[in-house]
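Two complexes follow with chain A in common, the first pairing it with chain B and the second with chain C.
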Partner chain A sequence: MDIIEINNLMFRYGNKFIYDDFSLKIKRGTWVTIAGPNGAGKTTLVKVLAGLAKNYSDVTIMGKKVIKKNLYEIRKEVGFVFDNPDNFFACETVEDELAFSLENMAVQPSTIKKKIKEVSELLNLESLLKENPYSLSGGEKQKVALGCALMLEPRILILDEALMMIDINEREKLLKVLKEYNRKKRVTIVSFTHNLDESIYSDRLVVLNNGKILVDGSFPRVFDEERVMRKIGLEVPFTVELSQKLRVYGLVDDICLDLERLVNNVWK
Partner chain B sequence: MKSNHQFFRYVTGNSKLHLMNSKMKIIWFILLIINFLIIKDIFSLIICLLFLMFIILQSKINIKIYMQNLIRIYPIYIIVFVGSFLINHNILNGFFDVLKTILIIVLFLVLTFTTSLSEIAWGIECVLRPMEKIGISVSNFSLRIAFSIKFISTLFEKFYEVRKSMAYRGLAYGKNKLKSFNRMVIPSINLSYKLSRQTIMAMKLRFYGYSKKRTNYHENKVTKFDKTLVFIDIVLLYVVIWLGWS
Partner chain C sequence: MEVIFRNVSFSYNDTPTGKLALNNVSVFLESNLIHGIIGPIGSGKSTMLELMNGITLPSKGEVLVGEYELTNKKSNFNFNDFRYDVGLVYQFPEKQFFCSTVGEEIAFSQKIFDPKNRNIKNKVKKVLKMVGLDETYIKRSPFELNGGEKRRVAIASVLISNPKLLILDEPTIGLDCNSKKRLMRLLKGLKTKYLKTIIIVTHDVDMLYEIVDDIVVLSDGKVIKTGNKIEVFNDIKLLDEKRVPVPNVVRTCNIIKDNFGIDLGYVENMNSLVRKITNVINEQKKMVVVNNEK
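Up next, the complex of A and B:
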């Protein structure tokens, strides 16, 4: 079943069309990465999904049209994480920040406390709870913003370049946590990025450029279109590049996204 | 601790002031503001100043942070002094009003340094709750006040960002302050406008104004210290009226 449906999206800034007759469907419980270079229209698409951009289209989330009267109902089920967490923060401690949305929804304090414990354990935020979110590093800020989204126990998680400021090791850990979350709770994840390294745990990759879908496919087959991705300035993950080269020499049979598995395949 | 701590930004801490109950703190704050506003004589001013110094010590926040913030807004004192002098034609009155202004600003700093925004909002909401009976959405109103306070500190930060970026591009602020200030005004306004739009967007996504009532998940209990401070406020109010108005 499609949890997100965008039909014939038309959107423009002034006279410039960002999207013209764009359609996309996303299935429940999947992790879809939407990648594209700067100016491809990723953030506009996030705004359309959040109901923050006026557009002429038929956008449906969980069977509800994204129109003013449905916005609160939809936003209760969708967690958003943006590229610049500073603009998202409203409070002076990480703990307050995590609680803020639920306090606004008049959720009981005992429930909020329980959820803060769960989320801070999941994202390893326990030591930061009393810190001021503005004084944290870029990566920590993005983790807090992600925590705020997870506090709502969303059915859909939309990440707009949300892992951009996190260092490689931490990002890898976080991607694994998100994959587990996606698998266990059947949460649909839509991640917008220009870094294809972040896509390796996804089920599907959609590559955008100038408001059009250039590539759309599941892993790892989608990387057969590697040339198209390179042409618009996207770098394919190292493991993909390596396994493609090894395939030429007959050392592996297929593209491998996981480095450990790739090494094992070569070793065999 | 950050030495260049920004205006009206919460400083993480564990002092008695940090742990005050939000409702009691707002009541204490309002009473003390009234005290400062009605001061008419030098003795009351000295008593209030001593009390405020005690409060600053209780906050366990480096006094340098208070001083830096007070110095940063020196144009306000000049405006108050000139305004007071023009109205009263008396230099001493001008100094007196400047001192009163400093007391009020320090009190605001104490409140915002030791209270997180959500606690300020909650405190205001608790104090104003009776107004709900006449149909006023107290929750929304109190959050708006809290965000206005946050916006002031953010504006200061943005102004310093613009100042820095201008300096990198060769515009020295120190040489011709008025001229360089003019060049900073438009970018600062632009940045603030952008920031306010982003804040509105974030608040929409975070259910601001969704429910008529909010909850507060970690309200501090009322302690003897809270009650004592409010009691001292009432005593001070009596003293200020007795010394200055009788």
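Up next, the complex of A and C:
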């Protein structure tokens, strides 16, 4: 079943069309990465899904149209994490920040406490709970922002460049955590990024440029189109580029996303 | 312009129990080189950058930036001169744009620092050229530019003060591949052509590996390794242990060495890696043919 449906989206800023007859369907419980270079239309699409951009199209989330009267119901089930966490924090400690949304929904303090423990363990935030969110590094702030979204146990998680400031090692750890979360809780994840390294944990990659879908597929086959991706300025994962270059010299047969296996394939 | 940290400690919460963001750090960053500062999140990278720029002062120890001495005591130099000599480019610097044209945006600091200067227009043209943009950009709105162009305009607005030291916090963050490559070329050019000392704080180690000379590695507020990039990145065991990212090219060479005992030596980038692998494979094939003929 499709949990998100965008049919014939039209959107423009002034006279400039960002989307003209754009359609996309996302299945429940899947993790879809939507990638594109700067200016491809990713943030506009996030705004459309969040009901922050007025449009005259047929966009539904969980069967409900994204229109003003449904926004409260939709936002209760959808967690949004945006790229700049500084615009988002309101409390003096990370713990209060995590509790903020549930407190506003009048949830029992004991339940909130339990939930904070669960989320901070999941994202390794325990040592930061008493810190002021503004004193944290960029990567730590992004982790806290993700934690705040998970506190609400969303059915859909929408990440807009939400892991951009997190270093490679930590990001990989987080992506594995999110994969587990996606599988176990059947949470649908839609992540918007220009970094294709992040995409390989998802089930499907959709590449956008100028408001159109250029590539749409699953891994690793979708990377057969790596030239198209590179042409529009996307950086493909290191292993994809290396596989393709070694393939030209006949040293490997296929794209391999795991570096050690790729190297072993060369000397097999 | 060299930078020296002498026994520097810093805490954001200045109490005896406050956690130290930097703990007794001593480093020497030589002039006219590109230096990289790397480390896992929360290791003290951004704090180090703020100390070099005098935004915060050390709780203990001293930071020497050229002839300027930054300690927690009252400084005896003119901070305006210091600001001229040290340029700082923040993360997402384009978010600070507010002028309606690129020309005004770049000239802004000069109009504040040196309002009587009649040479500002020429200076704007000069720095635009330095960052690889032509004069047609002067009248354009900075908000209509793409991500890479915006970043270059932000760098130009710092370069107009002609700083000897340029410090950049995550300069490639949020940029697509082509914009990133252009920016890397620009930074290399600023070092070689304009003799700037450049310090980059980043977690994009693949980018850093291609342009940097020396590296400082931080972990938990302490320096765990310094030296030239080859020396630092070859200590993969230490970097992995401290969860510091390692460039993919170096990681690949290491796997080849560990699994097959083949040392590819210094590999500059992806193309040189592919070239070296194909050379080794061709050599091995030749050896097999020779052995078979024997």
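FYI, the second predicted complex is superposed on the first by the 250 of 268 C-alpha atoms of A that agree within 3 Å, B and C clash if a C-alpha of one lies under 4 Å from a C-alpha of the other, contacts with A are read in each partner's own complex, and residues count from 1 in each chain.
Following the convention adopted for this analysis, a contact is a pair of C-beta atoms (placed from the backbone, for glycine too) under 8 Å apart; a residue touches a chain by one contact, two chains touch by 3 or more.
Remember, predicted model here, so these are calculated numbers, not experimental data.
By the touch criterion defined above, A:103 lies against chain B but remains apart from chain C after alignment on the C-alpha atoms of chain A. After overlaying the two complexes on the shared chain, residue contacts for A:135 are found with chain B and with chain C alike. Looking at the shared chain after the overlay, A:63 reaches neither chain B nor chain C. Of the two partner chains, chain C is the only one that A:245 touches; chain B does not reach it.
Shared contact residues of chain A, touching chain B in one structure and chain C in the other: 84, 135.
For chain C in complex with chain A, the residues that touch the partner chain are 12-13, 40-42, 45-46, 91-92, 95, 146-148, 170, 173-180, 203, 205-206, 243-245, 248, 251-252, 255-256, 259-260, 270-271, 273-274, 277-278, 281. Partner chain A is touched in their complex by these residues of chain B: 2, 9-10, 12, 116-118, 147, 150, 195, 198-199, 201-211, 213-219.
If you check the complex, the residues on chain A that touch chain B are 50, 52, 71-72, 75-76, 80, 82, 84, 87-93, 95-96, 99-109, 112-113, 116, 130-132, 134-135, 148. Across the interface of their complex, chain C is touched by residues 37-39, 83-84, 135-140, 161, 164-170, 194, 230, 232-235, 238, 241-242, 245-246, 249, 251, 259-260, 263-264, 266-267 of chain A.
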